[in-house]
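In order of appearance the chains are A, B, C and D, and numbering begins at 1 in each one.
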Amino acid sequence: MTNTQITLIQIDNYGPWTVTPEPRREVDLQTLQSRLYADLSQLFGNREGYVFFTRFDNMIAVTNGLDADDHALIQESVSNRYPVTISLGVETDASPANALGTATEHLQEAGSAQDAARTEVLRGDPLAEADRTDEDVQIAHFDVNDATGKYTDQLNEYDSFIQIEQGYASLMKHMREEHDGLSFFVGGDNIIAVCPAMDGDAYQSAIDHVREDVGVDLKVGVGRARTAQAAGMDAKHALETCRHEETTVEFR
Amino acid sequence: MTNTQITLIQIDNYGPWTVTPEPRREVDLQTLQSRLYADLSQLFGNREGYVFFTRFDNMIAVTNGLDADDHALIQESVSNRYPVTISLGVETDASPANALGTATEHLQEAGSAQDAARTEVLRGDPLAEADRTDEDVQIAHFDVNDATGKYTDQLNEYDSFIQIEQGYASLMKHMREEHDGLSFFVGGDNIIAVCPAMDGDAYQSAIDHVREDVGVDLKVGVGRARTAQAAGMDAKHALETCRHEETTVEFR
Amino acid sequence: MTNTQITLIQIDNYGPWTVTPEPRREVDLQTLQSRLYADLSQLFGNREGYVFFTRFDNMIAVTNGLDADDHALIQESVSNRYPVTISLGVETDASPANALGTATEHLQEAGSAQDAARTEVLRGDPLAEADRTDEDVQIAHFDVNDATGKYTDQLNEYDSFIQIEQGYASLMKHMREEHDGLSFFVGGDNIIAVCPAMDGDAYQSAIDHVREDVGVDLKVGVGRARTAQAAGMDAKHALETCRHEETTVEFR
Amino acid sequence: MTNTQITLIQIDNYGPWTVTPEPRREVDLQTLQSRLYADLSQLFGNREGYVFFTRFDNMIAVTNGLDADDHALIQESVSNRYPVTISLGVETDASPANALGTATEHLQEAGSAQDAARTEVLRGDPLAEADRTDEDVQIAHFDVNDATGKYTDQLNEYDSFIQIEQGYASLMKHMREEHDGLSFFVGGDNIIAVCPAMDGDAYQSAIDHVREDVGVDLKVGVGRARTAQAAGMDAKHALETCRHEETTVEFR
């Protein structure tokens, strides 16, 4: 059984800030958002976690191994370097979707995301060291079969992008509804999913669903470990095996 | 009539680089991609352009006002600061989709995106200064009505995200197929579209389509100017008018 | 005759901020300072200017070609991305030191650097376009003869550093007192000086002074142009000529 | 007794890279250097270490608590994100200067800093966990008495800077020659020194020396701990005590 610790990261009162006193320049907002994401990738990543940019004003992290002090330090480091602050909700569950659901509630109970008085909230209980196992995190790394040959080198770049977005939209919905998994587009033709304990048949059926739904062919490598980073690296190696063996689902 | 100059930005041989000699750590790839995007936002933005992250390995920019030297300097600046290089294809057309189509062909003719020998290509003809007008670029800035109240403060964060992604997927397809426009998710509940000369009825019909298709309520502010940045800032102000007047489509 | 436009950049109320409510983590301050400097390098550099980090809380830029709007945009872009704001004083003079002196007075007249109410000041008159010439900026790029062979590969790294700092301390004082020039250490064994109209004999005498004073052998390439960036690039090429021809002073 | 672990960080073959095939734009070099330093600050800082920018192409870190794997991961992370690579020499000693001396020799034995074939060297033995104590690192944080009132708000910014540089040059030489300590300017009017076991009299005598030598008045807070970050934060708090109590030397 998996036991995934999820942290919801929410920029405090961000919407109002972007238009006060008048709309801020879009290039600065894009720079701010993508750099904050890069920094959080490093801050969580240096502690073996993974962060996904999601909507940028709300980001989702897999944080097995990070305790409350680690979260507080990351929160402080952001406030020391950015014009905005972040709130963090933390929760663990066998179902990644349920973990995120409760983490979200922690923040909602503290107030609205657009309440100027609700800043730097940190709520929820990180998983105790004694309760951690080597199978807590299952990460699946999907990509599109021959995306460069079939799309990038053939289609208008935007039409390639539409194809890949369709594959992503279909997969994210299926994984959420059928498996309680959370899937994130991470650039190129890559999607990383945080999954409960799923077996090979379940992954094959997700891939079949996407092909039937929108005609996009995926393959997937799966890793399982104590932390997101170790599970994710195993998933990447498993995906390389798919590539060399021309298989569709590989575990490692 | 609009006359949009589009630049396709492609990281050279990026896919192979990410797995050579073995898969690189995901947190470093995420950091690299999002920082490169932030830097391109500034490099193009300091010259009045807009860049969208799209797939990160392929990005799309609106570059009216940037000539060949500007493009070459940006290319050089990236190679001076990153372990990867970029190729650039440039084209102008009344239809943003056609402009991107030809810009894409410029790069495809130079070789595959995964050809190690095809690096730092710069092809295409920027619009001559004499041919530029104050109506060359039309930018539409969409957001979701009361996204914070209806989604962020009510739903599981991932389910909010699914709603917003569905709205985006529906809009991007409609705008591409019906209007030759290119739509980009830019974080939060915001979508920025690069459009041909569309009138208020056309925007209303796009909003109606998304509501009927996936049940997401959008509003839109539209700006038109000589450069992406001026048109985009007008669009933001128009969207603020929608917010205060509770209207659905505003031009400025 | 040169006509150097100098901008003094001062982080507003920075000292108190670093210790309020209690001392902030040094690694975050170092990250903030060096990234702000990197961003200013790009913001001014994209407009053909040069910025020197100096004390980091006070930085000095050569800004020929930047008008008041450019300065205001840079100020706004910093406030959109950082937890601190900056004030700017601008002035032009044949003597770089005098230009900086007056630029400094502009800010001092507006209040103390540690006055919480004195923020985002922008004072001084950028040089009118009509008054600019191709000889306004003279940049000298110095380095240490065979620093790698004599110091880096032979000495304890700190003792190499002491040698180079001594050369810098001696040169900066001499250039300031004898020539009204401003010299800045820019990393490695490189010093860039913003100079009034100095001839080859004057540079040779500065080099002689440093050798006699602290025993460090320098060489220098000098460029002159309409902007800092063009003059600086000419200086670099001239320094390459010194390297290949084994000469001590070269103009280009 | 202290037991300071020092890491010398050297950018591989950097000098030649900056001028190949021709001199690279200075603004890009400045951006690259200061961002690399910012990233190293975070990479070492997230593991309780301190990094000083020194010459930028050579940086010096205090790394008690970081083992060989930590060093290798930092090296890999840099190569994943930058166009340059770094070599690392590690050594521990009661004398910081001796530790750095041996760390430097590790790299010199591997080849010249400008040898294109000598890349990503990692040599030296990090301190074993069992040998670490709570008194291994002594950090002293100096600043100039009333620098803002006496210099920043009174003098030409460059003349303030000359004063502070003179104080730094005098202190760095004295600390190196008399105490085997390594002193680093860290911005503003702040100098951080990595010291052997020095007592209050020794610090007072260093302060007296600088006042007599160049007329600059310093004060200092000193901390001692298992890691650089803990010792450094103690030093900052001790310096705050100096400020409130109007004393010159404080330990914590």
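In this section, a residue touches a chain if its C-beta (ideal position, glycine included) is under 8 Å from a C-beta of that chain, and two chains touch if they have at least 3 such contacts.
Note that the structure is a prediction, hence the values are computed from the model and not measured.
K.L.:
Quick check on the contact network: minimum steps from chain A to chain C?
P.N.:
The distance in steps between these two chains is 1.
K.L.:
Could you quickly compare A-D and B-D and let me know which has more C-beta contacts?
P.N.:
B-D
K.L.:
Taking each chain's centre as the mean position of its Cα atoms, how many Å separate chain A from chain D?
P.N.:
So the centroids are 37 Å from each other.
K.L.:
Quick one: chain C and chain D, Cα centre-to-centre, how many Å?
P.N.:
Distance between chain centres, rounded to whole Å: 22 Å.
K.L.:
With chain centres defined as C-alpha means, what is the inter-centre distance between chain B and chain D in Å?
P.N.:
43
K.L.:
Chain C: which residues touch two or more other chains?
P.N.:
Correct list: 25, 28-29, 31, 35, 42, 46.
K.L.:
Which residues, counting only chain B, touch chain A once they are in their complex?
P.N.:
Spelled out, the residues of chain B in touch with chain A are 8, 10, 14-15, 18-19, 22-23, 25-31, 33-35, 37-38, 41-42, 44-46, 50-51, 53-58, 60, 97, 100-101, 103-104, 108, 112-114, 148, 152-162, 164-166, 169, 172-173, 176, 182, 186-189, 192, 229, 232-233, 236-237, 239-240.
K.L.:
In the complex of these two chains, what residues of chain B are touching chain C?
P.N.:
Those in contact with chain C are residues 39, 42-43, 46-47.
K.L.:
What residues of chain D sit close enough to touch chain B in their complex?
P.N.:
Within the complex, chain D touches chain B at residues 24-25, 28-29, 31-32, 35, 76-77, 79-83.
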